[in-house]
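Here the chain labels run A, B and C in written order, and each chain numbers its own residues starting at 1.
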Amino acid sequence: FSVRQTESAYRYRDIVVKKQDGFTHILLSTKSSENNSLNPDVMKEVQSAMTTAAADDSKLVLLSAVGSVFCFGLDFIYFIRRLTDDRKKESAKMAESIRTFVNTFIQFKKPIIVAVNGPAVGLGASILPLCDVIWANEKAWFQTPYATFGQTPDACSSLTFPRIMGVASANEMLLSGRKLTAQEACAKGLVSQVFWPGTFTQEVMVRIRELVSCNSVVLRESKALVRNTNRTALEQANERECEALKRVWGSPQGMDSILKYLHKKIDEF
Amino acid sequence: FSVRQTESAYRYRDIVVKKQDGFTHILLSTKSSENNSLNPDVMKEVQSAMTTAAADDSKLVLLSAVGSVFCFGLDFIYFIRRLTDDRKKESAKMAESIRTFVNTFIQFKKPIIVAVNGPAVGLGASILPLCDVIWANEKAWFQTPYATFGQTPDACSSLTFPRIMGVASANEMLLSGRKLTAQEACAKGLVSQVFWPGTFTQEVMVRIRELVSCNSVVLRESKALVRNTNRTALEQANERECEALKRVWGSPQGMDSILKYLHKKIDEF
Amino acid sequence: FSVRQTESAYRYRDIVVKKQDGFTHILLSTKSSENNSLNPDVMKEVQSAMTTAAADDSKLVLLSAVGSVFCFGLDFIYFIRRLTDDRKKESAKMAESIRTFVNTFIQFKKPIIVAVNGPAVGLGASILPLCDVIWANEKAWFQTPYATFGQTPDACSSLTFPRIMGVASANEMLLSGRKLTAQEACAKGLVSQVFWPGTFTQEVMVRIRELVSCNSVVLRESKALVRNTNRTALEQANERECEALKRVWGSPQGMDSILKYLHKKIDEF
């Protein structure tokens, strides 16, 4: 069925927002980028939908994607075009867009459930530890090859990945760019549970309905107990990482690395 | 064999305490509640036995259970009866009982080894990360469906579960109430090792004897090195969680959730 | 081939250092101890090689071992000889040697990749979480039976092991001395990935070459983001652990435990 034929289709271009009974469902479905990758426009739409869900009677947000890809991370095609114009200005702007986007997840007080249907790369994977429950199907895979495309980690993954999976596995992803299958990501703690693609949607919806039947105060207070002690550390990690990104992207090598990575991706197709 | 025919049987009603050569063995075996669930009487007996073991020549405590259940968490039948009398007073009393019980585990300076023989639910599972080594047999399973019975996490699980298994798996247990088999709990770090039920007791006892052959100062100093930096964080988490429990249980919705959960359990039988 | 016939063979006795294009390869190959175990001479050679690699154009350090053992931990034969002379003085000296050795890893700003070819015991295993990526082959195994040989944890394992694998598994290693296979160590987060021994060297080298192709500033800034917030905690853990070691080794029971452990090892052969 065409997801775009639902309500809210007139409001957003890069996402679809379905306000359901008790929760808000945000689906990545970008038109301004390929493979649900994130440029400032896409990020602003997600922030807007989340701000609405924070204030209305939604008890939680379900984040998923339309198609066979979850999210291919930063929209490098958008970025490289602008970087070649004015490197210092555009790298600062992009780092700031990311900082604000990531901070929206850090500050969100209601549970965020993510259903990962396919590849989650870069920022599309590093954002996951800032969410609360991550369900994936067998077709999903996860990779954060930051050093390969010449950047430092983002979305607080320099703090969250080691906490979740230990330094050895975190660095294997962040430095060595190892790709994890859904099962491997689950074994390492990045994903809560993995489901068969054929029944993935039903399995997620059963659990969403159970969560929505819980008291909203209990859901919010439970999240606060789990998250509040770490919020400052996450805010500081987000700052540090975005400062590092400004430095790395503002340098000539930074741009060269992105170009090298894009050429390699083109050759692979 | 009848465990109750051993020494200390005259002292306790809800637990059995066996002072062995070098260690104290505390077995949950409640008479005042079903399924080794915890009411203030049971909790006080465990605290009393642990206080004795802290002061005598025991090098460690072994905590296990009699029967086919490890511990079904809070004794809701005890609790609901009193909540209907005076909600605010009884919710504050129960939260305070839990706070003291949990604090006994936080402050305990000798190693606590747990042998999990069956289901560990709610407080019976959340207490485990405050212990030092957790051995389970294949019949054990673990569930903390707090949101389902309308409460927020306890026993510092809002802090310990994310640290052990990462936020995605911790929230899947604390919010979504996922049940883990013994093997799953081991894979996620809640349990150290899983054994075949037929040889479980022998496997545990071999290891207990090896531990007891170690120098008591070395055991205590090793635990101090592992635990001391976190003690304040655990004490604060315990406080925050118990304040949240007072709020949640002191509200009308809190009592309704417990009643709804009890009715569902009765229907399941 | 004889590794010792390479460059730098004249400089070191207990390690082999191969300066490659873009990285430094340090191989444990002790002559002054058995099984690559660590005495102050071996530790000083490793520190010296790492200090050189920190200052030259190496982008990273690869640490591995010659033979079928990775590292059997502290050289107890060296230690017991000196302890029987002057217990207080020699225990303080050894604790200080360990403190300096461990601190070298804590302070190292470039990535340290470890290739574990065989058993990693005691200090040979506890040092691993201070490194960045740990690749092991199937023949590797891991054990930190500290309580068994009468000591408290070292190399910050009292802090790092619980963070990586949770308290239940960390204590099972540090107190109960459980031995982990390479696969078990990977499942518990101590090791990033396990490879087939026959292709281990190639698999590691492919990944080393990819890492070396990354920008050195990106590698160093990424490690800084992951490590800097924890550095003070690691330094303090190192201090606390070494003070505990002085106490434990300076006591009569400390020496007796080491002798008892050595006799047991001799009996096993």
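Just so it is clear, a residue touches a chain if its C-beta (ideal position, glycine included) is under 8 Å from a C-beta of that chain, and two chains touch if they have at least 3 such contacts.
Remember, predicted model here, so these are calculated numbers, not experimental data.
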Touching both chain A and chain B we find C
Chain B and chain C share one sequence, so how far apart are they rotationally when you fit their Cα atoms? Give it in degrees, rounded to a multiple of 5. 120
Is it true that over half of the residue numbers where chain A touches chain C are used by both copies, so same, or is it different? different
Would you kindly tell me how far, in whole Å, the mean C-alpha position of chain C lies from that of chain A? 36
Multi-partner residues in chain C (2 or more other chains touched) are 163, 165, 187
Per the contact definition, I'd like the list of chain A residues that touch chain B in the complex. 111, 128-129, 131-134, 160, 163-165, 187, 189-193, 207, 210-211, 214-215, 217-219, 221-223, 225-226, 229
So, in the complex, the side of chain A touching chain C is made of residues 146-148, 150-153, 158-159, 161-163, 165-172, 174-178, 187-188, 233, 236-237, 240-241, 244, 247-248, 251, 253, 257
